[in-house]
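Structures given as structure tokens follow.
Both complexes below contain subunit A, partnered by subunit B and then by subunit C.
Coming up: the complex of A and B.
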């Protein structure tokens, strides 16, 4: 079981491509960001997608990524970010240092 | 591996933002899903799973609400809310109705 995270924690999104319905966009998998805020816990959509209860509920986090980290050819401002809401089981403590 | 429907960040070209009127069947499809989720018969996550498992060619071929109704149909068949035979007969009846000269 993954540890819970808190606002300000650096987290890395697991790199996985399971079949079924997942809410973690491909473009953030393997990427590192910062927990912007801790959200509520929700029934797991990956289980709900198959008609099951989705319980126990899974913690959702809003994670902020630097656009420059996600897109090598990003043309916008260097400080631009994007927030993505990600369930806890997709997150691990950050493996890499701040760039 | 990126799933076919997971388009975030891919080049997309210009986006057509003009509003268009929804056909009555599209509104009914939306209402149908709402009723099915409110009554606990299926979840929006099941809808999405069905859409995301259509396969690339079918995903691209179908329109937005065509994906919805296809996914809803398969989910209801799987759950036994509808049977294939029941649905086949009803569809034939509707086709017959439309073919009949008015």
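Coming up: the complex of A and C.
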């Protein structure tokens, strides 16, 4: 199991492409952001889509990404961000890049 | 176009096609087939379904405007609304049903914009059904890729010193923007203030009405 995350933690979204009903947008897969807040646990939509219970519930997080990290050619301001809701099994502790 | 009507001499206009005169798209036929099967099997009644549709149609942005106006006049309510949107709108008799409401506040430093990039998630109990553009691929992709130029096309120019904060309703939360109260409205009451709050200002593509364009 993944460890639970807390507001302020840096997290990386898994870069995976499983088939089925997945609510992790492609544009944040593999990207690193900061947990903006911890939400409730909800039934897993990847299971609900196939008529299963979706239980046990999965913890949901709001992760804030810098636009400049998502789109290198972003036309805007450095403070612009996108917040995305991501389930815990899609998150890993941030892997900081070593240059 | 000149069109001289001589009502003394009746004439025929070409008939407008009725809904049944065009071939229903595939998903419409699928919906009809599934709905009829569910009714036949007794999973719900025709009246229960009618009630749901009636409830959808009764939900309008005026409900969200009431919430915003209350937050503008009552600082304690604003605090509760930002802390727990679902509980705060329940105080006004609004039921968010199975989803959770999260209210995000515009400030002099931050402008919020709501989108659902995956489909069309929208805070229906407070805004009603989403406008067609909200469901378009253009809006859904550009809101996260180039929000400032998208906002300019809605007539909304966000100054460089203000951060644009986009919220992608990707899972179980639904979002409502709490716009900034327009200046010069200090004397206005709650009902009058609600008239300034538009649907688009609660999605974040626009700002509330200004006083000179407001009623009264």
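Keep in mind that, in the parts below, the second predicted complex is superposed on the first by the 96 of 99 C-alpha atoms of A that agree within 3 Å, B and C clash if a C-alpha of one lies under 4 Å from a C-alpha of the other, contacts with A are read in each partner's own complex, and residues count from 1 in each chain.
In the analysis below, a contact is a pair of C-beta atoms (placed from the backbone, for glycine too) under 8 Å apart; a residue touches a chain by one contact, two chains touch by 3 or more.
Note that the coordinates shown come from a computational prediction; the quantities given were computed from them, not determined experimentally.
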Would you check which partner chain A:68 touches, where first means subunit B only, second means subunit C only, and both and neither mean what they say? neither
Between subunit B (first) and subunit C (second), which, if any, makes contact with A:94: first, second, both or neither? neither
By the touch definition at the top of the document, which applies to A:51: first (subunit B), second (subunit C), both, or neither? first
When the two structures are overlaid on chain A, which partner does A:83 contact: first (subunit B), second (subunit C), both, or neither? second
Mind working out whether A:60 is in touch with subunit B, subunit C, both or neither, as first, second, both or neither? second
In the superposed arrangement, does A:38 touch subunit B (first), subunit C (second), both or neither? neither
Based on the superposed arrangement, let me know which partner A:17 touches: subunit B (first), subunit C (second), both, or neither? first
Quick check on the superposed pair: does A:27 touch subunit B, subunit C, both, or neither? Answer first, second, both or neither. both
By residue count, is subunit A touched more by subunit B or by subunit C? C
Once the two structures are superposed, pull the subunit A residues common to the subunit B and subunit C interfaces. 25, 27, 45, 70-71
Residues of subunit A touching subunit C in the complex: 23-25, 27, 39-40, 42, 45, 60, 62, 67, 70-71, 74-77, 79-87
The answer for subunit B against subunit A in the complex is residues 1-3, 6, 8-9, 42-43, 45-46, 48-49, 52, 79
Residue ranges of subunit A touching subunit B (in the complex, touch as defined): 17, 20-21, 25-27, 45-46, 48-51, 54, 70-71
What does subunit C use to touch subunit A in their complex? 100, 117-118, 144-149, 160-173
